[in-house]
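Both complexes below contain subunit A, partnered by subunit B and then by subunit C.
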Partner chain A sequence: MSHAFQFYATTLLVYLGVDVLSVWSLNLQYGMTGIYNFAWILFQSIGAYTAAVLTLGPSTANTGFQHFILGTSIPFPLPLLIAGAVAGVFSIPIGFVALRRLRADYEATVMLVISVVATLIVSNVQGMFNGTAGLSLIPEPLYTFLHVSTLSYSWLYVLFTAVVCGIVYIFVHRVTSSPLGRAMRAVRDNEAAAESLGKHVTSVRMFAFIFGNVIAGMSGALLVQFIGAWSPGAWFFVETLIILTAIIVGGTGNNGGVILGALLVPIVFNEATRYIPTSFAPAAIVDSVQWCVIGGLALAFLWFRPQGILPERRRRFPVPPEYAAMAAAGRYPPHDERGATGTPPVAVLASETES
Partner chain B sequence: MTVSTLHDAPAATTGAVVPLLSVRNLRREFGGVVAVDDASFDVLPGTITSLIGPNGAGKSTAVGIIGGGIRPTKGTVQFAGEDLTGLPPYARAERGLIRTFQLSSQFSKLTVLENLLAAAPHQRGEQFRVLVFGKRLWREEQDRLLERAYELLVRFSMFEMRDEYAGNLSGGQKRLVEIMRALMANPKMVLLDEPMAGVNPTLARAIEGYLLDLAAEGVTLLLVEHELDVVERLSDNVVVMAQGRTIATGSMAELRENEEVVRAYLEG
Partner chain C sequence: MLLANVVVPSIGFGIVTASILALAAVGFTLQFGVTNILNLAFGDVMTASAFVGYYVNQAGGDIAESILAAAVFGAVASWALNRCVFTPFVRRGTKLFGMVIVTLSVGTIVQNVLLGAFGADFFTFQGGLSTQYHVAGMTFSTLQLVIIAIGVVAMALLQLLLSRTKLGKAMRATSANPALARVSGISTDRVVDVAWLLSGAMCGLAGIVLVLNTTTFESTTGSSFLVVVIAAAMLGGVGRPAGAMVASVVIGVAMEVAATFITPTFKEVIAFGVLILVLLLRPQGLFGQASSVREVAA
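And then the complex of A and B:
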């Protein structure tokens, strides 16, 4: 493998890892809990900026060509963890405004507005994150400490990304496979019924929102420390739609399915459009074509296969043989010693036609 | 409190039995429309009480207020000696007061079995601690819930349907899921808003049987129902509402003799 190809491959793999974290994050919110977080990219961005200003050192460094707040050099891996925490903290007031009383379309609108407003603020407040020019020269973690070639470092970063994905998956799986995950899906399917059955709907939604955004923040930190730069152009609100499309294509509500979506949508389709010959389409058009492809994919799947390539998994549970036997015999469970007033014919349901 | 209705305090007259649910002077306006005007009634423990009345009488609004989904403009809801008036629905569910809905409200993309498991309140596995403890937190609890869910599935002849998505069930089967789900919570009282609406007659009779069984086990039921012969077969007590007010209470036989009821409902 040539060096150039290896650099390309490692970059794609790190992007894939970041996208996998992204789809898990938004899937927890949109896929599992039904939260329309159209401000998702904001939380990835909060993580990216946090990690940047925690590692860049004072803003007077490098002849002070960029202006930003904080400016410290915190050792690895703290910036990654703090980035997640900060994204989580920002989720609380935003969630309070958007999730507590608003639902579905109103919620989506508020999120979208928050995302746009945040981009405008960061672009125009020069001293916060260096305005529209954004931050650059963000150091790669442990690069000077490791004494390895740039290429080896890239492979090590791929490994590190994989480890982060693995650890995050453990926590994601703990939630989605648990009764809490079931409560999240119940809230998604019917909020009023979930609440009437004793679920604290707002808490469940806030949990999914905060937990998902912590992961989004970490994904941003992971990405920014690899590519070394971050500016408002990187997180315009439509970027959320790429991740949302990846989830819809891969399989809403399926942690494995969305990985496939992360591979197909941001990686394969976005990369494929790169290879459109420039004689056929000028470079400026290629960028637009990417958006057409993303939008077209989302529409096509929502029309023809809304459940995605790998649909949400049907959860089955072990059946004790005694119940199977009782069901076959049409008997009540043994400890049930009431009269037979209400014993229904087993055939009732079998004979019932679809209504 | 204005004692405007003949049934205002039946517990006081019978003396011994304390009502499980006590609704007093409920009022609810939607814009200029008064859905519930002045509704007061009691439900005694272990009984089946039916709420009847013509369309627009305020029955569903009353059930909504008791369940906590709708806030009353005025009035109080007492349950098991506690004033629930300001409490949200989940807090009422935790106290053993569960409601079902007029329109099927299943969790469509959960299986029937999952619908039941999700319905039990107070689950350890639903606490945010699962992030730290994982399966250790909820494995045993889940086994217990599974056992109860399987019992209900066998009892309601829905065992074979356990792995089907609830959204794919027939209308009648969805009603059964709704009733089973209410029972997963080990409720003291279940509010059933037209549990037999849109269900074929055979299954409707089966549901009647299930409801009688539940009452025999000590679960108190408050039923909103249109079919008067069903009401007659099931109810220990019937509350009649018309134009937002409770106008009478008693057995069906008594109510048939009541002129006001006959005018407002039985003939109208």
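And then the complex of A and C:
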């Protein structure tokens, strides 16, 4: 493989890793718990900015051409972990405002407004994260320590990204397959029923919100330490739509399915538009085409296949002993065509007693 | 004299902003109240209408013709979007949040088609009508007086329509309970069509007066304004046109007065601060009642 191609491949692979973390993070919130986090990109960027200011050193470095707060330089991998923690801490006040039992569309709108206003503040407070110009020259972790070529370093970073993805997957899988994960899906499918069964709806939603945002923050840190720059242009609120579309395309609520979404939407479709011949469309148009493709994909999937390419697996539970006879007669569960998010168990029992 | 030199003139700006905001917020909230679809494509239809007005003006039309063209375009475009995209999705069973994604996707597509078609340039709208008038310590240009007049007249007409006509009654009934309205013999389909047309006309008007007031605009002008529109609509209690009118005045004046004390770029942050306060203290808005409706009316 030529060097240029290897650089391209490593970049895409790191992007893929970051996008996979992103879809897991938002899927925990939107897909599993039904939190309409339109401010998702804000948490990724909190992580990115945190990692940036924790590695850039004091603001006066590099002749002080950029201004930012907290400039320091702490050893790897602390910036990555602190980035996740900071995103988690910021989730608490935001969750307190936005997760207050609002209607689904209000909740989404409040999140969206929070995201837009955060962009406004960061763009206009020059001293915080260098305003609209953003931060650049963010050092790559351990680069000077490792003494390897740029290309080998890129491959090492791909490996590191894969390791982070693996560790995060263990956590995500543990949570979603635990009783807590079941409570999250119960809250998503029927808040009132979940509450009537003694689940503390607000705590469950807050947990999913914080946990998801910690992953979002780490994904931002991972991305920014690779690309070396971050500015308000990178996290305008519509960026959340890309991750949301990836989840819808892959399969809402399915940790495996959304990986496919992360591969298809931000990587394949966004990269494909890059190859539109410039004689056919000038560079400025390619960007708008990308956004039209994202919007079109979201619409097409919501219309033709709202459950996504790899839908959430319908969960099966062992047949309770009192239904053993029915199960032997092939009448359990009573309505086999029920969707994965269909009738809650309470209603199944109710319909059983009626008939 | 801080009051006379700074605060009073900024209230003048505030009244102009409030008039623009009221057109948009009332249009937004009216359609939302009747159809229960939260239309995030609203801001981008505003921009598209502004482009229509701009090109009518470029082709030799005067300001009145531009404004009329923008309003007609806004009405037709909103109605068509509902008929061709939103209603089919609702009929197919797309739920509240699904519809938010649908409208946001449509808005993103509209905005990027505009960007692709007209480029990432700033457009300058030479409106003329710049004679200055001094009213009670505030300074207005003819154009700004026209904007205020459009806002006031539109609000008055809408209020009359909603409170005094059979159509208005039907709209309020559909907004309160679509199923009950239907069994009471109201053609809710027709009411929904009218709501989109009216809301679209106000969207178009808001778009054109917004760019007439700021003179320069680009393909993202409408969508950035949408945040303030949403703040005003939520402050007034979503689906409540009268509430949105009052909220627009509050937010419009608060934004412009605040802009004279802190940097003008933080105007929207003020609107947002008001919104957060409202959500914490009174989630249903100043004039709203707690809504129990959780699904979309089609």
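Basically, the second predicted complex is superposed on the first by the 314 of 355 C-alpha atoms of A that agree within 3 Å, B and C clash if a C-alpha of one lies under 4 Å from a C-alpha of the other, contacts with A are read in each partner's own complex, and residues count from 1 in each chain.
Just so it is clear, contacts are C-beta pairs under 8 Å (C-beta built on N, C-alpha and C of every residue); 3 or more make two chains touch, one makes a residue touch a chain.
All values derive from a computational prediction rather than experimental measurement.
After overlaying the two complexes on the shared chain, residue contacts for A:196 are found with subunit B alone; subunit C is out of touch.
In the superposed model, A:163 lies in contact with neither subunit B nor subunit C. In the superposed model, A:137 lies in contact with neither subunit B nor subunit C. Of the two partner chains, neither subunit B nor subunit C is touched by A:151.
Taking subunit B and subunit C in turn and counting the residues of subunit A each one touches, the greater count comes from B.
When the shared chain is aligned, no partner comes close enough to touch A:92: not subunit B, not subunit C. When the two complexes are overlaid on their common chain A, residue A:289 makes contact with subunit C while staying clear of subunit B.
Using the contact criterion defined above for the overlaid structures, shared-chain residue A:320 touches subunit B, although it does not reach subunit C. Overlaid on A, the two complexes show subunit B and subunit C touching no common residue of subunit A. Interface residues of subunit A facing subunit B in the complex, by the touch rule stated above, are 171, 174-175, 177-180, 182-183, 185-186, 188-190, 192-201, 204, 207, 211, 253, 312, 314-320, 323-324, 326-327, 330-333, 336, 338-339, 341-346, 348-349, 351-355. Put simply, subunit A touches subunit C in their complex at residues 36, 38, 97, 100, 102-106, 108-110, 112-114, 116-117, 120-121, 123-124, 238, 241, 244-245, 248, 284-285, 287-289, 291-292, 294-296, 298-299, 302-303, 306.
Chain contact summary for the complex, subunit C toward subunit A: residues 38, 40, 85, 89, 92, 94-102, 104-106, 108-109, 111-113, 115-116, 119-120, 224, 227, 230-231, 234, 238, 263, 265-266, 268-269, 272, 275-276, 279-280, 283, 291, 294.
Residue ranges on subunit B touching subunit A, taken from their complex, read 67-69, 88-90, 92-94, 98-99, 101, 105-111, 113-115, 117-128, 130-131, 134-135, 137-138, 141-142, 146-147, 150-151, 153-163, 165, 170-173, 176, 181-182, 185, 198-200, 202-203, 206, 208-213, 216-217.
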